[in-house]
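This report concerns only the one structure given below.
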Amino acid sequence: MELTGITKRFPGVVANRDVHLAVRHGEVHAVVGENGAGKSTLMKILYGMYKPDEGTISVDGHPVEFGSPKDAIAAGIGMVHQHFMLADNFTVLENIVLGAEPRAGVRLDFAAARERIEETSERYGLGLRPDRLVEELSVADRQRIEIAKVLYRGARVLILDEPTAVLVPQEVDALFSNLAELRAAGLSVIFISHKLDEVRQVADRITVIRRGSTVATVDDPQATSSRQLAHLMVGSELPTPETTESTVTDVVELAASGLALSSQDGPDLLHDVTFEVRRGEIAGFAGVEGNGQSELVEAIMGLRKPDAGLLRLGDDDMTSWPAHQRRMAGIGFIPEDRHRQALLLDAPLWENRLLGWQGNPPAGGRFWIRPQAARAEAATIMREYDVRAPGPDTIADALSGGNQQKFVIGREMSTTLRVLVAAHPTRGVDVGAQSAIWDRLREARAAGLATVLVSADLEELLGLSDTLYVLFRGRIVARLDPAEVTPELLGSYMTGAAGQEGARFTTGDAAGEEQAARADTEEESR
Amino acid sequence: SDDDGTDDPTTGTDGEGASGEDVQVGMAFDVGGRGDRSFNDSAAAGLDRAGEELGVTFQDLSPASDGSNRDELLRELADGGHNPILGIGYAFFEVMDTVADEYPDVQFIRIDGPPSDRENVAVMTFAEEQGSFLMGVAAALKTETGQVGIVGGNEGEVINAFGAGFKQGVEAVDPSIEIEDQRLSPGEEPAGFADPAGARVAAEAMYQRGVDIIYTPAGDSNVGTFQAAAEAGKWAIGTDSDQYETVGDPELQEAILTSMLKRVDSAVFESINTFIEGGDVESTSYDLSDEGVGYSTSGGFIDDITDELDDYKQQIIDGEIEVSRTE
Amino acid sequence: MTRPEGAALRLSRTRRMLLILALGFVALSAVRVITGETVLTSSGTARAMLILALPIGMCALGGLVAERAGVINIGLEGMMILGTWGAGFGGWHYGPWGALLGALIGGAFGGLIHALATVTFGVDHIVSGVAINLVAAGLVRFLSEAVYADGAQGGGPTQSPPIGSAASFSIPVLSSGPNLLGRLEDTDLPVLSDLGGVLYGLTSGLTAFALIALAMLPLTWFVLWRTALGLRWRSAGENPVAAESLGVNVYRMKYLAVITSGALAGLGGLMLVLFTGSYREGQTGGRGYIGLAAMIFGNWRPGGLAAGSGLFGYSDAVRLRASSSAAVLALLLFVGILLAAVGVWDLYRRRFVLSAVLLVLAGAAIVGSLALDALPSEVTTMTPYLVTLAVLASATQRLRPPAADGMRYRRGEEH
Amino acid sequence: MTRLLGWWRRIAPTLVALGVALAVTAVFILIIGENPIAALVALFDFGETPVAQANSIGVWINRAAPLFLAGLAVSIGFRMGLFNIGVEGQYRIATVVAAGLGAAIVLPAPLHILVITLIAMAAGAAYAAIPAILKVTRGVSEVISTIMLNAIAIGIAAYLIRSPFVDPELGAGENVATTRLPESAHFPGLNELFGVLGLEEPRRPVHGFVVVAIVVGVVVAVILSRSRFGFELRASGLSALAATANGISSRAMVVKAMLFSGALAGLVGLSDLLGSAHRFQPDSFVAGYGFTGIAVALLGRNRPGGIALAALLFAFLDRAGPRLQSEGIPPAAVTIMQGIVVLSVLIVDEVARRRLRRREERRARAQDQATTPVEVAS
């Protein structure tokens, strides 16, 4: 398959300019580039979602023109989008067969569909259960559904747009072994990522896109260093999250003791979680997704009421404080899902500057807000955190994900903070922005900020943290010194050092029970 | 559509016609407007007759569906040089007084509602209770089960008068007859006048309980009562106009025992006539004595009891029986 | 579809629902015996319930069909109005079957406008619905003035000529001939006679049109949850971007859904027109809004909305058929018992505050119903609304609207 | 210059839409065989004499004020994604209670009006609290509960005027009504203001309450755009999830928004009550502002300024009803026109938005230079 001379313009933006990309049979072809470089756009063109302004696409040497994804699907091209395209309230089966349903008369042939899905699932080792509701599944499971969707339609070319951004290491490994099977079966895979190490690990060839144009294609990834790749991408060096000297003080800023949180029917979400974060300390929390990190973050932020335990901010007991009071007392928050939790996508940036800080001067206040001050602050954030957008009145939705993330971080750090709770602060962010974010975290740490850092990026955790806690099934199972721990050791704690049973399956089971209950309510009214 | 009278004043009768032709009558309807085949149409009939027989030109207006602009209709008519101006329905109460103060030289005439103390407002009311009394008598004479009922639109003053008169009539004949009373809407709420389905359900239940005659002052909902009556093979009594004639469905006609007539048309015609003749249009209460209320005999179902009905009628006219508007 | 993991639980759950339903019915029967208010479970009430519930139920179903495809339809009232007018016009010319056709066309026309506005032009769904309600109310008046101007055979600006009635029938053996159910009703046995009454009422005096309307419930369920079309239909309401990316024509699905929605609302209008023998202006009386409420009551599911419409229709039937407010008091007693049961359940689940509130309310209802001789008429006429609200308040709801319900979807503008 | 152009761009679609609405209505008018031109003239006819013109303006104001308040009340809910259909019931209850209690208290003029206004706001808010509480404690959708409560309000109001609030000195043959408000509770009319402005004084009372409506509108606008509450309301509406994650309790916001909305709804009926009706009488009580308010709020894009314009537009069309009828156009035409105006304004707006977008795309294509793709041309 080959793309030649593709150009695509959006209002005010040239997303792709004269792009060339050739993908061979049975190869994993990686596409890398900065945030906003035009990768997703290119893929959407390939998948028939956009029409290129110029240029041609050819499959097996024949020029093709895609009017809609339907045409691309017919030509054997399938795409897994950066933001999953799944209906949460549908079953796995329904999501997969949608648009290509087997039928028996007027009925949808559920039996045949189930059979084919199980077959596909087995062949590529996807491990899907067709009758589960998607909303109960983990991110990794969802990704496999997306892949199954594409395979179910008999795709020969598979596009994966940033598939690993939201996965934990074990899940990434599982995904890569899936990809290996696909390659072995003769399928081509186009793979987009910001994580250059993993790109080098999995790709047969790499194409680098910079500012909308292809700048290079690397034929031998293993022989190319991440540094070289980064240089091609942004013309700068690859950043590392290394921190130099310790700035930890003796003053405890945030303390949790005996935090517990039980779920409705399943096992406890948090159990006897006790830790302290001092001024100038970054406390990292590692864990496979679903082991209590999200709940811990929410408990600290006052979004969930713990069943037991105490939370202290400095000398104050803040256990019973409502969320906004915690923000007003100087706890910053970078939530896990920036799209849905951190931003008002339809609101301008200056309003987003206020979000969470509407009660704090100078832009916010007890009763009144000051739009002019908020505008000025938003502009400052944009300048200082290199948020690329026309101005404070731009709608947040118009920013690329990376720029949104930088804005959120800028917002949280531009207030005088005592504590920062950061969940996956660099998820989906390009290398340039990544290093900027890390710099900011380090600066704040040096200035005395106490930080709770939750991340799925182990390198980030190990590099930035002063102390590292491992959460497993809602408990702190280890308190480690990041200087002395290897990613491998950390990984074994995260998966439950003692037991053989993988943690992910634990959460899977819990969800299973819940799902059964749901299936009931579902059936009852049908 | 509504300027039929304007274009060709019927060559009509002399004498009266000469003065009538300079008169521009204005009329503002109740909600629903011209063509409701009921209250408003009855008034319109009187107006049309005035056009034909007296040669007046006229204009009629209908209020918005929320009834909010009744006063504006009156002003629009007054500004357009109409005189006299008629307002159809209880709801012109108050509104008409206000507007009358603004146009002291215009004669206003209201159909229905409480009296007015304004010089230039005349109120035409109807002794619904008297007509209803006769309907009660008819029902009492005709019932075989000893159970009769009322399905009314709401609990407003006018419908209550219908109900009270009917009950007094029944009692006058036979106090042992059971009377059921069901209203579709609470208080003044007008929704009950446009809910034929509700009327039918309520009437069906009554018929199943043994009621065999239902009096139904419920406007557009009446047709529901008629349906129930026709299905059960029992009687219903219509209101306002001769519903045997207006119902339009032969099956339903068979179920309409009689109707309580409220001669809005005559009241309209006569008041216009008085105005043309230069007389002082005075508030009048139309009752049995001047045929302002009465009953219909279409279908011939009550031919056997007309004597008794007329007997009661005479007693009321003579003041021997006093019918109260309230229970 | 079979769900291996959930199967065992599901069965017991279904049984539990049936058990609750049965217990409720026994309680109702007990109330009937205690108060002597046969109207609570008489065949007449059951029949009236069906008649009053069907127009609401059809609107609710229309709402369901549209919202499952992601289009909020607050214009149901307007579409129903157009349906009543169409039924009157069609029925005048071609009798009841013509009325059916007219109602479907009238309602579907309203749906088409809504689809045009919301799908093609991306107008906010609620605005469009409200506008349709405005336009429909005016439009039928316009049409009537044009069509029935000459007072054709009893028609006029506010009504159509009579359209003739539809033939009715009863289920043989059960409800006619030997009439087993009818006889059961007459036995006066607790529970059994009540059951006989309700079933007799539901199986006698039926018309083909009532059956068509009733059949719409399972049919809609089948189409939405068992066919490929239904899957695509629902995908437009859950995640239109995903659907489009799989080649589903979301616009077409939405058009289809909203037009069907209008046709169903029109069908609801037909039920009213047939029941009263002609079209009358204003006869829908806000039932479209009640239908919308019933659909939400039913949590966007056919079974649930049927329950919601049925509940409303039942309480409306009881208050209209009651010879005095004693029957409504009996209903109040029943509601009190219901609240008490839920209150006790909450107590068992250790939701103390809630349970206390419910028990106090229940106590008030029970004491009130036993102590009072009569209710103000203003209260009796409000019965269906009060009962619906009381039932909703006692049942905790976990509402689950379609994920993309009400969202403006533009092809190619996804994020 | 660019400002003027921007302003023109914003207003042009609305003008086109009004044109479209007029054209569609003209077709209807042609169908029933009347003259659309005459109708158009009638639409803009404010009367010949100065008094008639002043009267027309008075009608316009009297109608616009309650519609504006109703739209405002509805919009508060919409701002945070709450669909308060219940304004209809809330203002009915508020008006009855205000009329009933207002007649029972004796106070000097300005104070009396103030107290009645506060009573109405409290009653409206209290009635709106029911769906709010049902929603946050029991998860009952406010759509259902407000639909039910609208109907129930009719019953409650009927009961209140029959029993506790009934005027003991009702005239013969009068429907029940509340006791008349004393002089001290009559809101001064604006009639004299017309004279001051050099116009003829209208003969009908022009409700001075419109001044209150304007003040309330400004206050609400400031609250929405400048207050923390307004921001939190908007944030909850834009994304409940993001709002919650940032310390804005959605339950509290539901209650606050409903109370606020209900309090505003309480004002809807006061313009008529204090301006001319002076008592609650079901026949003269104007129902339906709550429903029309939904259309007004949405047409005004839930912004106070927009709502004011929408209310003026609706009232303008309503005002023309009687005039149009004189030209043989049935009153239903006004309703149809309102519906079509709503639809066409929004449709044309959308079409204009899309054309603008396409134009920008074309422009972008034209000036394709070697600029960085992320720098969006402004």
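Going in written order, the chains are labelled A, B, C and D, and every chain counts its residues from 1.
The definition used in the following text is that a residue touches a chain if its C-beta (ideal position, glycine included) is under 8 Å from a C-beta of that chain, and two chains touch if they have at least 3 such contacts.
Keep in mind it's a predicted model, so treat the numbers as computed, not measured.
> Specify the chain most distant from chain A by Cα centroid.
Using the mean of the C-alpha atoms as each chain's centre, the farthest one from chain A is B.
> Distance between chain B and chain D based on Cα centroids, please, to the nearest Å.
Taking the average C-alpha coordinate of chain B and of chain D, the gap between them is 36 Å.
> Where the CA atoms of chain A average out and where those of chain D average out, how many Å apart are those spots?
45
> Please tell me the distance, in whole Å, between the geometric centres of chain A and chain B computed from their C-alpha atoms.
Once rounded, the distance between the two centres reads 74 Å.
> Return the residues of chain B touching two or more other chains; collapse runs of consecutive numbers into ranges.
1, 33, 65, 155, 185-187, 191
> Could you pull out the residues of chain C that touch at least 2 other chains?
137, 145, 157, 378, 381-382, 398
> Enumerate the residues of chain D that touch no fewer than two other chains.
32, 154-155, 158-159, 162, 330, 332, 334-335, in rising order.
> If two chains touch, include that pair; go through all of them.
Pairs flagged as touching, ordered by label: A-C, A-D, B-C, B-D, C-D.
> In the complex formed with chain D, which residues of chain B make contact?
Interface residues on the chain B side: 1-3, 33, 59, 61-69, 71-73, 75-76, 79-80, 90-91, 93-95, 98-99, 102, 113-115, 125, 155-157, 185-189, 191, 325.
> Provide the residue numbers of chain A that touch chain D in the complex, in ascending order.
7, 9-15, 17, 36-38, 53, 211-212, 301-303, 322-327, 333, 335, 340-347, 351, 354-356, 358-359, 364-369, 371, 388-391, 394, 398, 400
> Quick check on the complex: what are the chain D residues that touch chain B?
Listed in rising order, the residues are 32, 47, 49, 52, 55, 59, 63, 154-155, 157-159, 161-162, 171-176, 203-204, 276-277, 281-284, 286-288, 318-319, 321-323, 325-326, 328, 330-332, 334-335.
> How about chain B: which of its residues touch chain C in the complex?
For chain B paired with chain C, touching residues are 1, 32-37, 41, 65, 155, 180, 182-187, 191, 194-198, 200-202, 204-206, 208-209, 220, 223-224, 227, 246-249, 251-252.
> Taking the complex as given, what residues does chain D use to touch chain A?
Those residues of chain D that touch chain A are 225-232, 234-235, 238-239, 241-249, 357, 360-361, 363-365, 368, 371-378.
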